[in-house]
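Labels run A, B, C and D following the written order; every chain starts at residue 1.
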Amino acid sequence: MNFASDNHYGASDKILAAVAGIGQAPAPAYGNDPITARVTRRLCEIFEREVAVYPVINGTTANSLALATLVPPHGAILCHAEAHIAVDECGAPEFFTHGAKLVQIEGADGKLTPAAIEGALKHFQKGFVHHAQPAAISLTQATELGTVYTPGELKAIAAVAQGHGLKLHVDGARFANALAGLGCTPAELSWKSGVDALSFGATKNGALAAEAVIFFDPKDAADFEYRRKKSGHLLSKMRFVSAQLDAYLDGGHWLENARRANGLAQRLAQGLARAADVTIAHPVQANAVFARMPAAVAARLRKAGALFYDWGAPADGQVLARLMLSFATPEEDVAKLIEAAA
Amino acid sequence: MNFASDNHYGASDKILAAVAGIGQAPAPAYGNDPITARVTRRLCEIFEREVAVYPVINGTTANSLALATLVPPHGAILCHAEAHIAVDECGAPEFFTHGAKLVQIEGADGKLTPAAIEGALKHFQKGFVHHAQPAAISLTQATELGTVYTPGELKAIAAVAQGHGLKLHVDGARFANALAGLGCTPAELSWKSGVDALSFGATKNGALAAEAVIFFDPKDAADFEYRRKKSGHLLSKMRFVSAQLDAYLDGGHWLENARRANGLAQRLAQGLARAADVTIAHPVQANAVFARMPAAVAARLRKAGALFYDWGAPADGQVLARLMLSFATPEEDVAKLIEAAA
Amino acid sequence: MNFASDNHYGASDKILAAVAGIGQAPAPAYGNDPITARVTRRLCEIFEREVAVYPVINGTTANSLALATLVPPHGAILCHAEAHIAVDECGAPEFFTHGAKLVQIEGADGKLTPAAIEGALKHFQKGFVHHAQPAAISLTQATELGTVYTPGELKAIAAVAQGHGLKLHVDGARFANALAGLGCTPAELSWKSGVDALSFGATKNGALAAEAVIFFDPKDAADFEYRRKKSGHLLSKMRFVSAQLDAYLDGGHWLENARRANGLAQRLAQGLARAADVTIAHPVQANAVFARMPAAVAARLRKAGALFYDWGAPADGQVLARLMLSFATPEEDVAKLIEAAA
Amino acid sequence: MNFASDNHYGASDKILAAVAGIGQAPAPAYGNDPITARVTRRLCEIFEREVAVYPVINGTTANSLALATLVPPHGAILCHAEAHIAVDECGAPEFFTHGAKLVQIEGADGKLTPAAIEGALKHFQKGFVHHAQPAAISLTQATELGTVYTPGELKAIAAVAQGHGLKLHVDGARFANALAGLGCTPAELSWKSGVDALSFGATKNGALAAEAVIFFDPKDAADFEYRRKKSGHLLSKMRFVSAQLDAYLDGGHWLENARRANGLAQRLAQGLARAADVTIAHPVQANAVFARMPAAVAARLRKAGALFYDWGAPADGQVLARLMLSFATPEEDVAKLIEAAA
């Protein structure tokens, strides 16, 4: 029973078949192949506008390259205190940006508010050469705590960004899950709400190792291609990454996978909530369930075979368990976990 | 008829099957899985000693991470004037090393000699703070011109390295081809000849996107794992890269592929050499053929459907054509090219 | 009436005379001169042990080079939320360390506590490749709020550092002021209390542009000299910087200057405290006075000719004024300010 | 008898007096003072146009900051094989540019030719993401071998630069010596000949530690101020650097100093040329004399008390001695050296 992470699961049959189907025939290298071109076309259609698309292998890279393209070395990036870019990437954004500063801002349920961003910006004087210069806001969608930003919330934050001349980046490692949860269109959840660049995730939702950096205004892509090459992230046989994205986007496979994971999360949350000692700590809006429970209950779940992470250190004898649901989590695992918690 | 690059071809059936065979079941992420462990064991056996093994996605990354681990920011790396790290990686080694200097040294047939290295070292005063400090020599094996270093040649260069306190790195994007050409053991072509670190290539010889950085003394690996993570090259589903290496090494698949490519190169070189106007410019010791021919002959080959690169600008009406052979080049393509050149 | 910053004042007569006294005669360049050697000897005596000494031109450089020497690119540096390195150096430490992360920790009166540091460390898992690895604590002495760490407080923080394998760095831009305030020995306020590296300031206390980076264990200096050169901070005519430090240390000039500034701070604080509307916000332990006052009073002081900065944005109609005292602040300016506030 | 380097000499009386004259009175920090403003005005007059002026402490910094402002991390900088930026700055330009590549080009008498530059550019394919992208040419004026580029030569190189979209930077550590040698105007030797940015040296010609980065089109300065701050090169008491430049430029002091050094170089070269065994290796056009002589003669000169560097390793029993003349070299030293060589 693996609830440890959605990146523990393998890849979907459809995506694996697409990769294997490429075979050994030759094709132009470094992304100049028809499959990569088709992925761009698909994403232009899905997002209802011309966008610049760059496949990469994972989320850390997507985030770091996107931010390094948008933010100068003397810039600052505002993000949530628990953002993956700030906490779980070993300083990759600082490396790719050549030393920009991440400003970590607290916020309930893993989310930033316009007021919190405005408060943080007060510490930085524009044009004052001693201060790092805020250049971008980076949001996570769905957040590290399994919540989502609505288009309305994005627009409010985008207004702050525009007021201060900042770019708005979204770490969409779980963009599909957010979208499936909200039921709006990809365009509404991105550029129509003021998003400038998106790390469009696939790895956690069925791919082997594939994400796409998307700039909604291709001019923002600037020297992205040189940055990708110089950091070792341009693959010679790029079509093996692109084929994953191609199958992922084909026929709504990406949303189907996300809906399945989200649905299991709802079922799990409802089931756990019925247990006497368990409370759900954050709204379940994507594919994560955060459940607060006595340490003894957590131990019992683990004894029953469940893998999951404690989120932070236990306090008052209570554990905050993070339970991730995947496109491939077996339904019976959810049922068994609920049963074990009861 | 694709002779443009061995990285234009896809992946071998065996490797694709291994990838697809992983399926969607969960496993520990970030390389803590059984397949990655098995790759390390295989390479320890193949190289006849305990080695540190780190899978990555391509050669630029393998080279840059290996060199950044061995060379400080104020260091210098000595390499051939045509080395891939110096010419074709857009400054990736400079980025990963935080500004180390590449010293490009001329040498016939794409190879460095001990004398040429000693000559270059004369320009750098040890401990003189104004000079970048030589810290590593990087050789390419097989070289960019399709030649190879013998164990004896490696030992002579390693003696220079040791005399000056330098580490010896080998860019082995085509290590299998070199080994197949020489017929010695992997150990003889690496640590037994003084090599400290090897970028062990698989992508050009049958994999989708997989190489391994090998440190023959695991102590040299130092903070490699942090560098890999911080540069976005640690994959969550690492087993999809490791599975490629696993299948590549299984049952001698890697050497079989290399022998096939090398054999085709010999056949092609011999065939072309019979053409009146064509001369083979460099010894054919791996899977590349460099053929000098009148521009008109090159045009004729292209008209017949052959893809290949001119190496440098034409001079005196002569083109230097680089013809790469792959594990997957059809035999009939070789025959057709020879015929077209005749 | 300049209370804006102690770096607004010029240089002391003694130091200027030492610089001018060098004249035009030749001497070995790049710090291989007798004056630089004498500065090292002086500092060894003053700190009662063999120390490694490197003159540089300012505090940002001293801090950044010291930290880059102690902290790897994947490292993290723990400091106060208002630390100069975090707030006022435009990301210089991130640039020099090649992307290390600054962890900003809150603390009353500009000071860190062992408990606050331990709390921050809980967010970083040792050896976990996804987390930046804490490598150093950096304290400011005297702090940005004019307070000081006692030897006892330093020792308690050093115990935390040692327990976690961290180096302890002190930004001593106002080290002389802290020392003059505490009345202990330089050794007690540094290595005897567990400090590994010190940015020893002189610029704010009488020099033109001179600080010294001091490593109390010369082994910690590692490749400092290459970092200094590579960042442009090795001066050919280094003796013009060293001469400032030489005069600064000669005959206790440094402590005399600091005592004068501290004494004026005490006098100013006591005078202002007598004003009905003014309260002193932080203990006055060095050469800074933070005074909270109605905006109208602040305006009156400025109208009387006083220059000073508001510290943060006004709240509830109150301004927090930072009033810096210098070795060269005229006594009558202090008297006039007190009078204007009354 | 110090002929080792013009940076071994101290500072001129006039410049030292200007520094000492600042005293201890307060002034705005970080270059917002009247002296710094006056330096900018002086340079605008001297160069006959509006220019952007940034004082820094030395040539390595001036070069590195100028180049980092003009060249992206994926860029390449073309320079002479013996250029100071390539040979004597420990990789500072690579550090400041975040990993750009220096392309070292051979050329007689320390000078680049348009043809040599065009030849080097052939190795870089524009827009080809695998190649570093040439972005600037950097010339040294006067060169490392004591020769100068005429305005005509500059214009020919600037035409190459413009044809390829490159910026033209001049390392003018000895710009005054070049100008004094040529007798043209500062404008003719810079922007009127196509120079975009100049490291305007003063340290080697009478200052303590002062240079100015000059951008002839202020738009090219871009984010220079943030780069200067982030690298620790913005001084709080900047007026102590600016005062050096102010006195240097006042009343033609800079050209007077340069003319004296150049005149001594002519006298020394003519004197040495009369010695049977000595030949002058490069045209003497500034303040350096390169004299080829038997090792025995070099030893005799050193025995007589002369300090100088061998340029490269001795060959065929001959030493190539570099003899630098300074604004402050005593006349009798020149006479004594000639006598010792006779």
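Assume contacts are C-beta pairs under 8 Å (C-beta built on N, C-alpha and C of every residue); 3 or more make two chains touch, one makes a residue touch a chain.
Please read these numbers as outputs of a predicted model, since none were measured by experiment.
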Chain pair showing more contacts of the two, B-C and C-D: C-D
Chain whose mean Cα position lies farthest from chain C: B
CA centroid of chain B to CA centroid of chain D, Å: 41
Distance between chain centroids, defined by C-alpha means - chain B, chain C (Å): 50
CA centroid of chain C to CA centroid of chain D, Å: 34
In chain C, residues with contacts to at least two other chains: 73-74, 89-91, 95, 98-99, 129-130, 226, 229-230, 234
Contacting residues of chain C [partner chain A, same complex]: 73-74, 76, 87-91, 94-95, 97-102, 122-123, 129-132, 313
Touching residues on chain D, where the partner in the complex is chain C: 2, 4-5, 7-13, 16-17, 19-20, 22-29, 56-58, 60-61, 64-65, 89-92, 95-96, 203-204, 208-209, 226, 229-237, 240-241, 326-328
Chain A-touching residues of chain D, taken from the complex the two chains share: 30, 72-74, 98-99, 129-130, 133, 223, 225-230, 234
